[in-house]
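Read from first to last, the chains carry the letters A, B, C, D, E, F, G and H; within each, the first residue is number 1.
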Amino acid sequence: CGAMEQFESFRAEMDASNAVREQLRSAVSELDNATRLMNAALLPIHHSSSGDSIKKAKSYLPEIRKAYMELTAIIKARPEEYYKYHDYWRNQTQVVVSLLAFSHWLETGDLLSHADAQELLELKKEDFFLDLDDYLVGLCNMSSELPRYVVNQVVAGAYDCPERVSLFLSDLYSAFRLLNLRNDHLRKRFDGLKYDLKKVEEILYDVKIRGLLTGKESKTPEETK
Amino acid sequence: CGAMEQFESFRAEMDASNAVREQLRSAVSELDNATRLMNAALLPIHHSSSGDSIKKAKSYLPEIRKAYMELTAIIKARPEEYYKYHDYWRNQTQVVVSLLAFSHWLETGDLLSHADAQELLELKKEDFFLDLDDYLVGLCNMSSELPRYVVNQVVAGAYDCPERVSLFLSDLYSAFRLLNLRNDHLRKRFDGLKYDLKKVEEILYDVKIRGLLTGKESKTPEETK
Amino acid sequence: CGAMEQFESFRAEMDASNAVREQLRSAVSELDNATRLMNAALLPIHHSSSGDSIKKAKSYLPEIRKAYMELTAIIKARPEEYYKYHDYWRNQTQVVVSLLAFSHWLETGDLLSHADAQELLELKKEDFFLDLDDYLVGLCNMSSELPRYVVNQVVAGAYDCPERVSLFLSDLYSAFRLLNLRNDHLRKRFDGLKYDLKKVEEILYDVKIRGLLTGKESKTPEETK
Amino acid sequence: CGAMEQFESFRAEMDASNAVREQLRSAVSELDNATRLMNAALLPIHHSSSGDSIKKAKSYLPEIRKAYMELTAIIKARPEEYYKYHDYWRNQTQVVVSLLAFSHWLETGDLLSHADAQELLELKKEDFFLDLDDYLVGLCNMSSELPRYVVNQVVAGAYDCPERVSLFLSDLYSAFRLLNLRNDHLRKRFDGLKYDLKKVEEILYDVKIRGLLTGKESKTPEETK
Amino acid sequence: CGAMEQFESFRAEMDASNAVREQLRSAVSELDNATRLMNAALLPIHHSSSGDSIKKAKSYLPEIRKAYMELTAIIKARPEEYYKYHDYWRNQTQVVVSLLAFSHWLETGDLLSHADAQELLELKKEDFFLDLDDYLVGLCNMSSELPRYVVNQVVAGAYDCPERVSLFLSDLYSAFRLLNLRNDHLRKRFDGLKYDLKKVEEILYDVKIRGLLTGKESKTPEETK
Amino acid sequence: CGAMEQFESFRAEMDASNAVREQLRSAVSELDNATRLMNAALLPIHHSSSGDSIKKAKSYLPEIRKAYMELTAIIKARPEEYYKYHDYWRNQTQVVVSLLAFSHWLETGDLLSHADAQELLELKKEDFFLDLDDYLVGLCNMSSELPRYVVNQVVAGAYDCPERVSLFLSDLYSAFRLLNLRNDHLRKRFDGLKYDLKKVEEILYDVKIRGLLTGKESKTPEETK
Amino acid sequence: MLRAPLFAATKRAMSTSTATNAFHSRFQQYALQLDATNERRERLVKASRDVTIHSKKVIFVIHRLNDSNRDKIVEQAEKDLAAVRDAHVSRVAREVEGVDYWKLKRAFSPGMQEFVEAATVVEFCKTGKLLTLQQLNSSLCGVKDASGVSFSVDIDDYLLGIADLSGELMRLAVSSAASGQGLEASARIRGFVQALYEGFCLLFYNVDGGRDMTKKVEVMLQSLVKIETTCYSMHVRGSEYPASIVDS
Amino acid sequence: MLRAPLFAATKRAMSTSTATNAFHSRFQQYALQLDATNERRERLVKASRDVTIHSKKVIFVIHRLNDSNRDKIVEQAEKDLAAVRDAHVSRVAREVEGVDYWKLKRAFSPGMQEFVEAATVVEFCKTGKLLTLQQLNSSLCGVKDASGVSFSVDIDDYLLGIADLSGELMRLAVSSAASGQGLEASARIRGFVQALYEGFCLLFYNVDGGRDMTKKVEVMLQSLVKIETTCYSMHVRGSEYPASIVDS
């Protein structure tokens, strides 16, 4: 019924697509590796001086940028298919964003913007951009680190940390509420953000009610070390 | 065997039923949207003046009523099929009830009754009623917001809030215990209520043991602002 | 907070609803029992004279009607809750329909119509109706008994049976094809009907090529005994 | 609070119960092994002389009895815990029953009774009995072997086999219909029995319509060889 | 094939077993009801004088005993089937044990022993015993009520309560540590006990550092009212 | 705690193992490709001349052997880790065996032995062998093709095919019964074999009962074309 | 000492107005982007649902086919199919251009697959041939996306659609067997689905979409076996007696 | 004509004896191989069960530890652990050599993981340090496999074992908090599990074993958070009043 010729041609086309996938797999595997090292480098933030951790974490940025350059090279050749292969780098990208946003907040107390994240990763927007959803999920990922961070900071004696984090998360939370989230992945992560905020509010409450907050000097996370 | 004519009429009937489903889907999508906005408007209650939040939240009530009017119009024509399609609006209705009951409590310190909830939604009982289970689940939803509310109120210095909420939840809890709940969804939600009460009692304990409560006069939630 | 009085009334309402469930359970248990006995009475049709079986089967009809009268009495008081409790009697009703439709066909060679089924069960349409889907599933159930019936009839020497059944199932099949079935339970049952028809066609073919059919006059199933 | 002594005795009790489980596991593993061998010995029935297969199958009976003696020894010491550990031997027992009942039918054309099954296994009823449900499930298991048996017998020229099996299954089927089966495991197995009967009836039909049956005298399964 | 007579007797047996289930269901429904009422009666302990609550709670004991008498009557006739039907009363029994153990502790400060629990329920050990696992799960259930009890007692001014509960839970905890628990339900419940103890320790600490404990003489919970 | 150095060394070790995995993936991807083509080449056996199909299928053997040579090279360097990486080639190998065994049977009517399979694939037993389980699963896979093959052969008029296949499968089945299969993957596949045999027996029955078998000359599958 | 009151002030400010939130304006931008995509996705989901519903109706029309009404039914089905294309597929096309085709694909894939199923089943009934992807896309050349480019179905949706086609053909084969005739019709379906199946076995599927596909190919094989078994049972019955007797 | 009777004859022959089955003898060979492996696997499963049960008992002993009985308990646990090694791990070792280590690994992995858990928890209680894989394997150097080579635990089992270790340490931390003391003990556990967790985050896991590991690392993080929260709540309570008051 003439099916065979058509399927032969499909096979050729699928072989080509598989070749792209192999290239993507390899680029993403580098990205994955660098991200994992960056993550491991940042983790001691919970018990050691944050300065060192951030510095060490940032040292993996060139490797990460290189991996994105490879991804860019592959996708640039087929610009309309960015989302066809999106799943390959989606998870890693969300982790990268969360690590960058966490470091940025630790250093400046500010939220890393979408544009700044793209710049930090040296993405050329017209060839390979940072998907907005991935950026937002990355922010939620970061937020889920904060309750643990606050707990450990309080143990280290930084009693003003809960208030600062509570204000930051509260701002982030009301910013997210500006978005009309559908019933999707992002909405679930946003519910997580609410939970993180609640956690931090409870820690703030613990500190406040014991009078540990008043009269202490407020410092940036850095300074408390 | 004469089956043909009969099945022609069945066909008409089934096509009609599919049309009803399409209409319901559309009405519920509006309800969902308005409910989400109302929820977003009420949530800042945790950090800001409650007056504004409640006012803003209430501004979505007309939209919500409109959605229920559409549902009413559809169901009125087939009163015996209310429960055939109940699942379409069940979740949204439970959320609406929780928002209304929370606002009502904030303003008056009282529990929004089933009848008042129906009135607020301008439901005509004979055409489209508020299912009792949905109302009760809505109350449980509301109760799950209260511990967080109390935590934030105490942080803001409203030390008498835990006692008021503890009394309210304790009353609500004993009221629920009057019901012979079967082993169903509602029973699980009721267990949640017990947990919320426990949480608020712990906050009351914290405040009491630190001598923060004594000598303060009790006020309505509004006045504590 | 005034909750107590309200919840007392809820308790009454919920206890009433639980009572309804108990009543339904009891009525359905009778229905189930009578249906099972009717089924057991009709099944020997495969090996014995159908007259006796049908008669015996029909003798359970009063009991079945009584069960539906009980259901009607319960639902009549709350017409809008028919579908709230539909699951209680759904399965049994489908079986009842299949048994009645089978008996009816055995006696008359005709398809039991939706209206006739309601009448046979002495349902008062305005108080308790026969759901259309249940009726249609019942017909599919009946059809799945027919190939076995034909096999046993031919073994017993009733060589004209395949032709009659084939015509009947063909008609039923064309009638079902009129419906726009969603991809659900009913569509699957309808696929089964197709296989039943095919099976009967094969038997008709067997009988035909052996010249067992020719010269015999067509009779009702009853007369072939 | 005197809890210590009590818990010491609990500890002894729980350790003992774990020991029982270990013993049961070992006895059942022997039972499992012997059952598997018996099954393998009986299966060639489909293609070979049944006499040899039955004899070989029966040769595993002593081993099976031994395993039950071990189970008996364990349970006898704690009669009220028969059902606490029932799951350990349930499956194997159902298979054993099906094998014994199949052999018995092949040899005698009769149904192995519950009492005879217990006797064959040399169970002492007061110490370790054959659960009724297990016996009945075993019968259903046996019935599921019969359609294949009939197919192979007809291929081997034993054209009277379908009629004999059809009568046997039909009897068994009506017998099962006497039971008020709840909606459980057994009910599902019983539905399988109906399917087996239908299958055998179709073979009987095939043989009958082709005139292969007439004039043959009925024999026991053994004699057909 | 002689099956009919046998199956008639099976039918009798299964009908009997179904009757047993119906009886059990009814007895357990009474047990469930009484347990729920006892629970509701004991719960105000958190906010009111314990004397009244315990007395009220105990007033349901006769009803509970009656339900167990019914269970005993049913099981006594078939001692080896205790575990066949164990699931029917398992949950309720665990709740009953927790309520009895809680009341007992409130009155005496002692742990209700396994033997005493059986006596309180007037179980005749040889006919119907209290399963050890159920007793232990009941103790864990009770322990999970204690932190909330201590919180509310301290709020009510009973500052010596934390110390008494802490000693009691400590003892219970060490006792549980004697058991070699398999990785099952019970081990998880035991982990919960640990958290309960920790929570109570924290409250004891709160009370101690505030000098609320010193100089007060220890009293039974009753006297603190 | 000295953990870090150890984990660094683990990381090195895991990197090495990942490199092996990359090599394996690439070799297996070639194997997979060739297997798929071989399968597609053999499939027309169901409707066309088997000679051509087998020839075409065999033309992929060199490619398959090459893939196994690569696997051999990788594993030879770590002879003890054959089973560590077994999962990589397990599925494909089972398919390869089934295709080879099917072709072999089509050509010779014989069963391809384990040793012959290894030889066909040119495996050097001391470096890279064919796992016995994989060989046996491969045979089961082949058997699952046979019912479909027989159906299509009968349609093509080869009425003796069912008998030949039935004998072959029956032999294979009794051979498998010699094995003590535990409750594992292989056992399930063996149950499938039983089902295939039953299917073929039914086809043999269909052909036999219609007198299509007698007097026809028996041919090898090849000759029937 | 310095920042503590600052924070407190921030908090109070926040309490009365959210406008001071440092990153609100950025999030308002994000909201605009998300809303645009979401609305587009909503429209696509609706259009896709309509494509599905109406394609299914075309398939139902085909199932009403028998020997006597073939031409009329096929003509009707073709007309209906063209209507689906013009009324609903065009609505899908209008929403997707450039990078959004793949971004929003999940929203319209189900509809397009059902459309493929309907189009190929109609073609088979008319010509007995497989409507190729190229032919299908030619028939869509009048359907333009937002930038005026012709909309086209991609390989994945095409393959998933014709995988389901085998199920509908199985129903047709059983129907024609059930109508007591159709030995020839069934044989045609058998050959067609065998070829389809062999074509599918040639392809291999990447991990992501692969799972869907593997399952569909299994279902396809089941349908094929049912078709073959139908042909088989018609054949053995037909072989039992000489044709002369049967025809008489 | 020629083969039909032959087949029939074969069938009859088969009916009376299966000995003529052409490939029976080959399958008898296969049966021997399979039986040997299966029996070995059975013995391993049993030995592994015993290793598990007795390792769990060692862990239970550790959980009975408190400030006053520390030395006695640790000594007892060490003795018990050595007994598990000599009595049961040796039975595992005996069955595995060469290619069979990986072939039968699934049969003894659970036991070895539990053994790792027990050995590391004992070491932590004794020294506060992580028992390394190298140290563990040195302690097994007397345990020989069938070919006389020392048996050793591989990385996977070691990692899976110490992932579970964090759960036991969490229990210890909560216990020591529950006993009203142990601020220091909890802090030690916190530091130890933090280091463990960071170590795990460095590694990456291949697809096959990866799923297990990912889940275990998640559970590990949960345990760590519980430990940190325990330390936190002891800390904030301790900070509320000056130490002098608390001690009085």
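Observations, loosely collected:
One rule holds for everything that comes next: contacts are C-beta pairs under 8 Å (C-beta built on N, C-alpha and C of every residue); 3 or more make two chains touch, one makes a residue touch a chain.
Quick caveat: nothing in here was measured; it's all calculated off a predicted structure.
Of all chains, the one whose Cα centroid sits at the greatest distance from that of subunit D is A.
Sharing over half of its contact pairs with D-E by residue number, the repeated interface among B-C, D-F or B-E is B-C.
Here F-H and C-G were compared by C-beta pairs in contact; the pair with more is F-H.
Inter-chain spacing, taken between the CA centroids of subunit A and subunit F, is 47 Å. Between subunit A and subunit B, the centres computed from C-alpha atoms are 35 Å apart.
One inter-chain figure worth recording: subunit A and subunit D are separated by 61 Å, centre to centre, where each centre is the mean of the chain's CA atoms.
Shared interface positions of subunit B, defined as residues touching 2 or more other chains, are 44, 47, 174, 180. The set of subunit G residues touching two or more other chains comprises 11, 14, 18, 191, 198, 202, 204, 233, 237, 240. Those residues of subunit F whose C-beta lies close enough to touch subunit H in the complex are 1-4, 6-8, 10-11, 13-14, 17-18, 21, 79-84, 86-87, 110-111, 113-114, 132, 136, 160, 163-164, 167, 170-172, 174-176, 178-182, 216-219. Of all the residues in subunit C, the ones that touch subunit D in their complex are 36, 40, 43-44, 46-47, 148, 151-152, 154-155, 203, 206-207, 210, 212. Chain contact summary for the complex, subunit A toward subunit B: residues 170, 174, 177, 180, 198, 201-202, 204-205, 208-210. Of all residues in subunit G, those touching subunit C in their complex are 56-57, 60, 63-64, 171, 174-175, 177-180, 230, 233, 237, 240-241, 245-246.
Every residue of subunit G that touches subunit F in the complex is listed here, in rising order: 191, 194, 197-198, 201-202, 204, 225, 228-229, 231-233, 235-237, 239-240.
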